[in-house]
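Chain IDs A, B, C and D follow the sequence of writing; residue 1 opens each chain.
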Amino acid sequence: MVNSTKEIISPSYTSIDWKKIREDFPILKREVNNQPLVYLDNAATSQKPQLVINAIAHYYSYYNANVHRGVHTLSQEGTNAFEASRNTIKEFINASKTEEVIFTKGTTNSINLLAYSWGRKFVKEGDEIMISAMEHHSNIVPWQILCEEKKALLKVIPINEKGELIWEEFLRLLSDKTKLISVVHISNALGTINPVKAIIEEAHRRNIWVHIDGAQAAPHLQIDVQELDCDFYSFSGHKMCGPTGTGIFYGKEKWLEEMPPFEGGGEMIKTVSFEKTTYNDLPFKFEAGTPHIEGAIVLAEAIRYLQSIGLSNISTRENELVHQTTTRLKEMDGIRFIGTAIHKSSVVSFLVNNIHPYDMGMILDKMGIAVRTGHHCTQPLMDFYRIPGTVRASFSFYNNENDIDRLMEGVKKSIQMLS
Amino acid sequence: MSSIADIEKEITEDFELFDDWEGKYEYLIGLGKDLPLIDEKFKTDEYIVRGCQSRVWLHASHDGNRVFYTADSDAIITKGLVALMIKVLNGQKAEDIAKAELGFIDKIGLKEHLSPTRSNGLVSMVKQMKLYALALIKTN
Amino acid sequence: MVNSTKEIISPSYTSIDWKKIREDFPILKREVNNQPLVYLDNAATSQKPQLVINAIAHYYSYYNANVHRGVHTLSQEGTNAFEASRNTIKEFINASKTEEVIFTKGTTNSINLLAYSWGRKFVKEGDEIMISAMEHHSNIVPWQILCEEKKALLKVIPINEKGELIWEEFLRLLSDKTKLISVVHISNALGTINPVKAIIEEAHRRNIWVHIDGAQAAPHLQIDVQELDCDFYSFSGHKMCGPTGTGIFYGKEKWLEEMPPFEGGGEMIKTVSFEKTTYNDLPFKFEAGTPHIEGAIVLAEAIRYLQSIGLSNISTRENELVHQTTTRLKEMDGIRFIGTAIHKSSVVSFLVNNIHPYDMGMILDKMGIAVRTGHHCTQPLMDFYRIPGTVRASFSFYNNENDIDRLMEGVKKSIQMLS
Amino acid sequence: MSSIADIEKEITEDFELFDDWEGKYEYLIGLGKDLPLIDEKFKTDEYIVRGCQSRVWLHASHDGNRVFYTADSDAIITKGLVALMIKVLNGQKAEDIAKAELGFIDKIGLKEHLSPTRSNGLVSMVKQMKLYALALIKTN
């Protein structure tokens, strides 16, 4: 059950049988509208391999119990697996301590934790929080709420037409009032990979905190929070083959120690009396209430699965699929790509002529092809491009060339029907 | 003019000609294209029925008894569905509109579009159309 | 998959085969320390029937996708099941609208939502929040945090030795500064069933809001929020045969409409721009981020399972088990019951002589018996009784007479070894 | 006096006499009962090692080279384990204490009690004992 992740050495790229990996995912055998499913909505949530599903069933059939503080065997086994998972995640992102790994409900929950706890302690009237023009609503709204309450200012790093941050503008926006920069590592709508390491360096030179929204990065890139030197990092388990309702908030220990608790309740206290309550040590201070035990334990199983393939192999494979898709879409008349950054990951967002993304999504669905259409929770970004949304095909390592063929057929057919 | 039930029957028969989704959707798209456009002055936020992905604009008027609708959508499939609804309800008596069950949508195999969790604005549009009729009944 | 719950008519008590029901729970076949497991830690978390485990596997193998806003079939099926679950829960607690049912991570998360959202809007300096002396930390700490921030006062309804609220004291504590009463429906440490309906009546006569912590009530009693007329009600899914990481926050629509959002992010917005963000309608306003989709959908399956047995049958059965246990424990020398209220539910908390609860818990565990020992997240209550904790056996309908026999053996053996 | 390794070996041999958990736990409980009590004045918050369920009080002193411990716990099984630890480490050289691996706990089948997720205060106690020894080494 609980293996160390350290020993996993990823296989060489050429030795991987991608066709066989596909068979790990039971849902991919499904038919939709009488066609075998083509799932290209991975940026919204990933599918789960059989071993993750089995690990859930095993948890509930064998050692389900409430964790921490329990004396009995089930509780002890559950707690051991829960804390072992924390350790697996710590190693996965190369945090320096398990105390820095907080289980949350997802990226959104992680960012809200940061905004409520760190924000309420460190942000004062007139301070500035900096985000970018390509943020997901989850990395916009919590800061708007905070800024409104604290009378702080939200500054937005602009982007160019390709969907890249404009470096000079970023530098110009930095000021001695900037308290925190919170930017997305990989944009879910564009696929842009942002130069987060360079941003962190610039920020730290000025004693500015940096939070990275890694929701789209953790499933596709090898993350190393120590090498990045970010102060905070958030991501979601459900986007990386793990169960729904799981997420991680990473923070440097020294900051987490200084931050007040966010939610109050069981688990997060040391002692409670009506007169005085003292809070628990890290990481528990930030984990009020019964956690999503199944989710936390099984997330480690998902991570071991990803590691058994190797994150760098995963990136390579996905880049290949994105490259093929882009090349083939380019041949079509009237195609417009949204997001053409030089550094790009697993996402292809596009529009054709003036076909509404919703219409194309409907036709593709009729053909068994699942893509996402709409604003992808990045309305300000859509406003920048003056479009209502895009059609987005987002790839995972278990997609293949046949999926691309089917997507091309689908796009052609929708153009034909909708033009 | 024909009753709601009659028009629904007519449409259902039209759709019976198609034995696959493509025929249906091509027909729907055609209806969308043919829909008499709403007066541009009504394509404002005041007349919008917001879906999450496609938007619908709806304008209603009446002669004291019957209700008249014009509408538009930025997505063509939604517009086709909007056209179907208008075909059925336009010019009908407010009482009839208020109690119309619109079962034909199910019969022609497009039920999914009227599911309450669909984010295309259509469900809200139908609700709006009926609310308008109800309001008219009340003022009479 | 998605049946209406309305039609479920519970069977008559005598027709229920309790032995067969036990077979629905795969974990109960397990051995712990070479003995068949006796699980008496149900108040911490319940076990899950096979059909719940199957429903999870089915979800991930068949229609896992991110919900809401998705055009494709999987997303639509997931959304339909998600919203159907909300409806099942609405009917389960007899809320008047699905808009009043908010999915959360658990009771703790629900109470924090209330404290952050309602509290920050309605509580002013000098206001009073009233809780009771038997609250779980989750219904203490969020109010302490709020009161400290707002310079409000936390008032505590005292209890008598039996573990019952003292009614006259409650009335005496009410004042025109009292803004909210938040009390536990059933105490997890004592089993006391509180007269919440009477409390709500008194409160409403004075225009005081009432929140009920129903974590221990929802699994054991038929809840009817309209009949109670409570303003807010919280409970956890994992304590009622549902997946971990699930909970519900119920609130009357008129209050929820007035309350500002708690967390910000995807799902909970209508439109976002950097200048102005408008929030979504209920219930989505309070559900930021990708929800725990698996958990929310499968919670409905757990509820249907409970309803197929019938909540009143469940109560009757559990009362029978509690009665037997109490009667047999009473025969032992040196036994002291903690919590002897007249109205009691599924919990038996006790101490023997001066045996430390931890020691008894250890010996019981060696014999394959899982009880909870310690303060049960109710430290102020333990301080009231001047004890470090109790041994708590908490029952579920799937426990049986053999479990009680084994518990008695275990208690006898621990007394013999530890005295 | 005997080395840490020797005492560990002795204890391991003692425990080999038991072929079931009951024997082991009766022995452990006996050890707990026999543990020379800590001076009452050290049973204060200053000397507490807080576990979630049972509490341990630990007092340490030294002669410049060797470390001496007394301790107590409110739970008898924890106290038995505390007694074992004191048996092994009391009066040993600070250097030896600092590097002791205490593998005997595993060998005698009580490993679970030293798991980092156990909430009995024992893990923290062992840590405290070692920290004290380390501090002494540093000041020398």
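Definition applied: a contact is a pair of C-beta atoms (placed from the backbone, for glycine too) under 8 Å apart; a residue touches a chain by one contact, two chains touch by 3 or more.
This structure is a prediction, so every number in the text was calculated from the model and none was measured.
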Relative to chain A, largest Cα-centroid distance belongs to chain D
Expressed in whole Å, how far the mean CA point of chain A lies from that of chain D is 45
CA centroids of chain A and chain B: separation to the nearest Å works out as 39
Whole-Å distance, C-alpha centre of chain B to that of chain D, is 79
So chain D residues touching two or more other chains come to 52-53
Multi-chain touching residues of chain A, meaning two or more other chains, are 33, 69, 71, 358, 361-362, 373-374
Among line, ring, star, complete and other, the chain contact graph is other
Every chain pair meeting the touch definition is listed as A-B, A-C, A-D, B-C, C-D
Touching chain A in the complex, chain D uses residues 50, 52-53, 112, 115-119
Seen from chain A, its contact residues with chain C in the complex are 26-27, 30, 32-33, 37, 39, 41, 44-45, 47-48, 52-53, 56-57, 60-66, 69-75, 105-109, 111-112, 115-116, 136-138, 140-142, 144-145, 154, 156, 236, 238, 243-246, 261-266, 268-269, 271-274, 277, 288-295, 358, 361-362, 364-365, 369-374, 377, 379-380, 383
Residue positions on chain D within touch of chain C in the complex are 21-22, 25-26, 29, 52-55, 74-78, 120
Residue positions on chain A within touch of chain B in the complex are 33, 356-359, 361-363, 366, 373-374, 388-389, 417-418
Chain A contacts chain D in the complex at 68-69, 71, 76, 79-80, 82-83, 270
